[in-house]
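Order of writing sets the chain letters: A, B, C and D. Residues in each chain are counted from 1.
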Amino acid sequence: MKTDLSYLRDIYGKKAVDRAAAMLQDLEIEVPSWGFGRGGTRFGSYPEVGDARTVEDRIERARQFHTRTGQGRRVAMHFPWDGETAEDIRGLAAALRRAGLEAGAVNSNLFTMRAGDGLDHRLRYGSLTNPDKEVREASVRHNLDCVRIMRILGAKTLSLWLPDGTNSPGQMSFYDQAERLDDAIRAIARALRPGEKLLIEYKIFEPGMYSTAIPDYSRALALCEIAGKNSGVLVDLGHHAPTTNIEQIVAFLLRAGRLGGFHFNDKKYADDDLASGSIDPAQLFRIFVVILEAMARRLVRFKDIAFMIDESHQIKDALEEMVESVTNIEIALAKAALVDFDKLWRHQRACEISAADSVLHHAFHADVRPLVEAVRTERLRSRQ
Amino acid sequence: MKTDLSYLRDIYGKKAVDRAAAMLQDLEIEVPSWGFGRGGTRFGSYPEVGDARTVEDRIERARQFHTRTGQGRRVAMHFPWDGETAEDIRGLAAALRRAGLEAGAVNSNLFTMRAGDGLDHRLRYGSLTNPDKEVREASVRHNLDCVRIMRILGAKTLSLWLPDGTNSPGQMSFYDQAERLDDAIRAIARALRPGEKLLIEYKIFEPGMYSTAIPDYSRALALCEIAGKNSGVLVDLGHHAPTTNIEQIVAFLLRAGRLGGFHFNDKKYADDDLASGSIDPAQLFRIFVVILEAMARRLVRFKDIAFMIDESHQIKDALEEMVESVTNIEIALAKAALVDFDKLWRHQRACEISAADSVLHHAFHADVRPLVEAVRTERLRSRQ
Amino acid sequence: MKTDLSYLRDIYGKKAVDRAAAMLQDLEIEVPSWGFGRGGTRFGSYPEVGDARTVEDRIERARQFHTRTGQGRRVAMHFPWDGETAEDIRGLAAALRRAGLEAGAVNSNLFTMRAGDGLDHRLRYGSLTNPDKEVREASVRHNLDCVRIMRILGAKTLSLWLPDGTNSPGQMSFYDQAERLDDAIRAIARALRPGEKLLIEYKIFEPGMYSTAIPDYSRALALCEIAGKNSGVLVDLGHHAPTTNIEQIVAFLLRAGRLGGFHFNDKKYADDDLASGSIDPAQLFRIFVVILEAMARRLVRFKDIAFMIDESHQIKDALEEMVESVTNIEIALAKAALVDFDKLWRHQRACEISAADSVLHHAFHADVRPLVEAVRTERLRSRQ
Amino acid sequence: MKTDLSYLRDIYGKKAVDRAAAMLQDLEIEVPSWGFGRGGTRFGSYPEVGDARTVEDRIERARQFHTRTGQGRRVAMHFPWDGETAEDIRGLAAALRRAGLEAGAVNSNLFTMRAGDGLDHRLRYGSLTNPDKEVREASVRHNLDCVRIMRILGAKTLSLWLPDGTNSPGQMSFYDQAERLDDAIRAIARALRPGEKLLIEYKIFEPGMYSTAIPDYSRALALCEIAGKNSGVLVDLGHHAPTTNIEQIVAFLLRAGRLGGFHFNDKKYADDDLASGSIDPAQLFRIFVVILEAMARRLVRFKDIAFMIDESHQIKDALEEMVESVTNIEIALAKAALVDFDKLWRHQRACEISAADSVLHHAFHADVRPLVEAVRTERLRSRQ
């Protein structure tokens, strides 16, 4: 792909293109270590020789990814998948360093059974909301362990996705569930130091099939109120009911000062975990428009938001699909960065709606690939 | 239908049946004046000779409904549909009195154009969130008028459903929209006196087809924070995205002390406004279970919640469909009232999930029609 | 917008761009007369001075539209909205001629009451499936009238959207409904001469809120089997359940030789009737990819498919929104026409999926606006 | 639970209760061997000591289930899960015999990798629709093996659920996919002898996240046309888009003579595989109403339909949840059997819709548990 920007400059003007380039340069996308392995569904996975299986494999792929795209300097980790013992963690820190990478968000894992820790088959009934106090305590403890891991790795963010939920209406009282969860979040948040951040993710369903403990951003927001200032809501694009207007949620959270970050991916049906922007690129564009508008209104800065990918690469080569994803995200941002907000607002406030929509269309229809390519080239050059 | 309770007492015990009867007696369901007219869709309505057309017709139907079911002592009103001038309102108050009824919630109407008031064709761009200040002010003013109407009618509740939204991504900034709405709610809430209540309704879509200004309970909750203590969220069963777990939202709002009330109806697809309990009676049952559990936990009392019907009767006779609806609601409550919560909680806390679910099934499968009929008969007798 | 194609030719090659231009030239989009009026929802419409109100107004707008875009030579009509008496129809034919337009599909209207014809308030219970034989016969008769209107107008297509359905599970037997519908379709199809075509539209819900008589393409297909060779399924993009893969349905119907045509529009929630391509342009692109692939496989020709717009313009100026829509459709087609199918198939058959997806991405990311503009200019020039 | 029928006979009359009892006696529900094991999600499973792990364990549970409920005389099997070698199959046949059970539908498994058979990691790209001919042929061969297994087991039904689909729009051509599938179905159907039946299941998504090869009943129906007379569509209640009216699909298939059978389960969100009737018992009731109406119209007999359970028991004890499910199915049937169709039709045809709906309500609100219990007792007694 060429990096000739003359077509874009002709249409949008040099100033707008430069501004878009600057934004692209500022965007830092974090990639998940688990995304470099072979994903699967409940029906199974189809591994192949050459798939990344160990944490070393995954870090090597992350290194290749970073070398190729300039993105993914920070890699989100998942524990105990990415290490269990203190030695593992120290080895991991060294491996990241060697690869020229940093640890991104540390994700606690409350759905994988491990022996002798309380986190056994009883996880079936929940982790932080389990009726059994022993399991609840072990689940909190695992998060505190993750905080310690964060510090060893030099990470600043604990990312919490809760697999808790129910499969039948009688299984658990919503009130008991909520009380237990409030208590657990309080305990976890207490362990965090200034400068460390807790991201709380919500998800409408799965693995809970009748309900989940944090089904929507409203519940996540209430938990952030408990956790305190250094917490934020984590928006995973695949975790909403069909037809939900996600960009409006993003705007709401930005306005409330509670947008912690994103798990980018795409979906057609449920939490499909497909490549970002592969199904609905216009939605991804609108999400960035809403973010950039908040920036223009000085509600937020890029660096306040954790831009992370969370996908499951089942069919394609994981590295290739990660490149596709990050490229789609950059394309969406670049298009959004071409929106002329002053013009948009002027038309909106005058009820000139066709004209207002045209401002968005004009940006969306741009072929920004040369710009994305140019910034990437520049980014890679500057790293050398 | 017979009112012999021996079958129920045999299975559930006299004490449980008596408790359920007491709850049924305590339940007061409010009916909407507009629900006694002939509803329609955007494709039209099919009126017939004999349909209720005037507010007098609607109050006469409400009177008949109340005489037949003992429910509907309070009738929710919609303005300007139910009257415009001061004389209209005084006439309305008298008519209600004559019919032995009271005014329930006063619903402001921000979607019907009226000449010479700012609420003209510009309503197309929104009411409380309109870019045009004149329309916004007229919209606030209409709500203040409704507060005055409340006082004339002796009503205590202002019910606000906002038709504002957008049909395209460029139409309005979510940030402008939110600011305007916050301001308007502040102005309206300020007009309320102690003992008067503001209910704020949310709706995922329609008439806005790309977004609505209050799409979900989270946004409604944020507006209640602005409005202050005497406000609550109004849950309309038809206003959620497909697959949403409504009973969990109800539990959340009850725990937060912000469940203002319900607009009961049923749906299969969108905001279908079908007869309550006609499509998914099990969901209605679960909603009452969640309410009764909150009562058992002393989080709420019946009288803190406004139980209202909001339906559109397009095909069947409106009076008949209202009777069907209120009966279905009473059936759902009666079943929920047979739930043995102590037993349920015991099983839940011991992870005996099949047993816990059985407690709910046992209540749901009861044929409570004799009980509903008995309480209705008693209620009607006591009114004489 | 400029019409300089050098950017596109640089990237895609002259041959591909020429081929895309040729396809754009071949595409004929039909516009609906009703789309030039002010639309509304069940909550009302917000008309304004200057809105098109009469059929004359609508034809004048259609003329302006055609003059501006070169599309819309054929205008779909809706009866009795666009005329009732024989004189009306003759006047309409003359008006179209004067405007340089032709009548497109003739749409029968089975949801608007008219006096003294059997099509009175009983339409509430259905038209072609009404329990009352008199209403069924009047409904068939109206379609036969529409066939006569077709012939006066020189139209070749009868477009049937059935408002029939039910609002409660007990309202009608699915078996009775299906038998009545089969009979009615048989009677209507019998009236058509060779060269005349019946398009049968399906819709998952609305106005029926519990069921519709033709809810999906499967039922429409079964009716086409009854109607015979000169019938096809009409795919309205807004008429599916959430998450449905529409492009796969299009491929199915093309393969079965039964894709009659499209009603283009866009949606986020239900049958929102928004501007085509305004919410999900990638879906529109994929639909055209599936069509062009069928053409490449010689399963269909452009002229076998009726490309029609069906939208409700509620907020924006109707003419402006129609221009936006047709432009978005042309953009989607132009992008799809840049897909290199030979390359795509080669990669697909070798399980090189990232490469295969890249072929689609490469086409989708093109900025085809200059091409669309160039073809439009040429089209307008050639008309003079 | 008591088995005293006097309450029911008082309300519905002895004749109606007897008729319902006779229908309950006729209903034969098949259970899946895989449903007696511990299910899981893509996030894992939480096995426990005592879970059924081997096919022997599963048959022992099936025996217990049959002894307890009288249902489940036929057990659906899944291969290679339930056996691979000829010796396995003979052992299985003997084990079933010893347990007093029979083999129900034989389910081929095209999603579990096995070495050295073509069904390796390439299954990732599909089975019957795989671009690679070797995998397609191995997939057909596995189905032919299953036919041979059927004959050894004395089974009559091959049940085909296809995991094929795609995760991105470019992965596979819908046309290639359809052609390959048509060919494969033809080859499989050819292997069946008179009296043997092929059931074809559809599913809107999962494991394919962008599309599935048989997404809906329309595609399944088209494949049945290819397969010939001895094939039918298999309706799994969890395999539809949100809001789909399943009972109408059932009626359509019954009318077309193509309803092969059911996979009963329940859902709130996606293919949740929850206990039948645990979330939406009213839908289950409506499905049986539609079946019994077809029987009343002599369109079908019970024995023409395979009533099967397909659930994933993740949290509760599998045996307990299977008992819950079969009981809920029997309850739904018993209620439907109390519908007075003559009365229903009379009201429907006279447009007396409230009265028509009352007929359904009257049946739905019955407490049929004593009847279900009485028939179960009788069934168990007669088996001794």
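The rule is simple: a residue touches a chain if its C-beta (ideal position, glycine included) is under 8 Å from a C-beta of that chain, and two chains touch if they have at least 3 such contacts.
These figures come from a predicted structure and were not determined experimentally.
Participant: Count the C-beta pairs in contact for B-D and for A-D, then report the pair with the higher count.
Facilitator: A-D
Participant: Between A-C, B-C or A-B, which shows the same interface as C-D, counting it as a repeat when over half of the contact pairs match?
Facilitator: Going through A-C, B-C or A-B one by one, only A-B repeats the C-D interface.
Participant: Taking each chain's centre as the mean position of its Cα atoms, how many Å separate chain A from chain B?
Facilitator: Chain A and chain B have C-alpha centres separated by 38 Å.
Participant: Can you work out the whole-Å distance between the CA centroids of chain A and chain D?
Facilitator: So the centroids are 38 Å from each other.
Participant: Can you list the residues of chain A that touch 2 or more other chains?
Facilitator: Residues 122, 125, 168-169, 171, 204-205, 210, 242-243, 245, 268-269, 278-279, 315-316, 353, 357-358, 361 of chain A touch two or more partner chains.
Participant: Of all residues in chain C, which touch chain A in the complex?
Facilitator: For this pair, the touching residues of chain C are 7, 11, 242-243, 245, 268-269, 278-283, 315-317, 320-321, 324, 331, 353-354, 357-358, 361, 364-367, 369.
Participant: Per the contact definition, I'd like the list of chain B residues that touch chain A in the complex.
Facilitator: Residues in contact with chain A: 122, 125, 131-132, 168-176, 178, 204-205, 210-211, 215-219, 221-222, 240-245, 247-248, 251-252, 255-256, 286, 289-290, 293-294, 297, 299, 344-345, 347-351, 353, 356-361.
Participant: Could you pull out which chain D residues touch chain A in their complex?
Facilitator: Residues in contact with chain A: 40-44, 46-48, 111-113, 121-125, 163, 166-169, 171, 204-207, 209-210, 242, 267-270, 272-275, 278-279, 312, 314-316.
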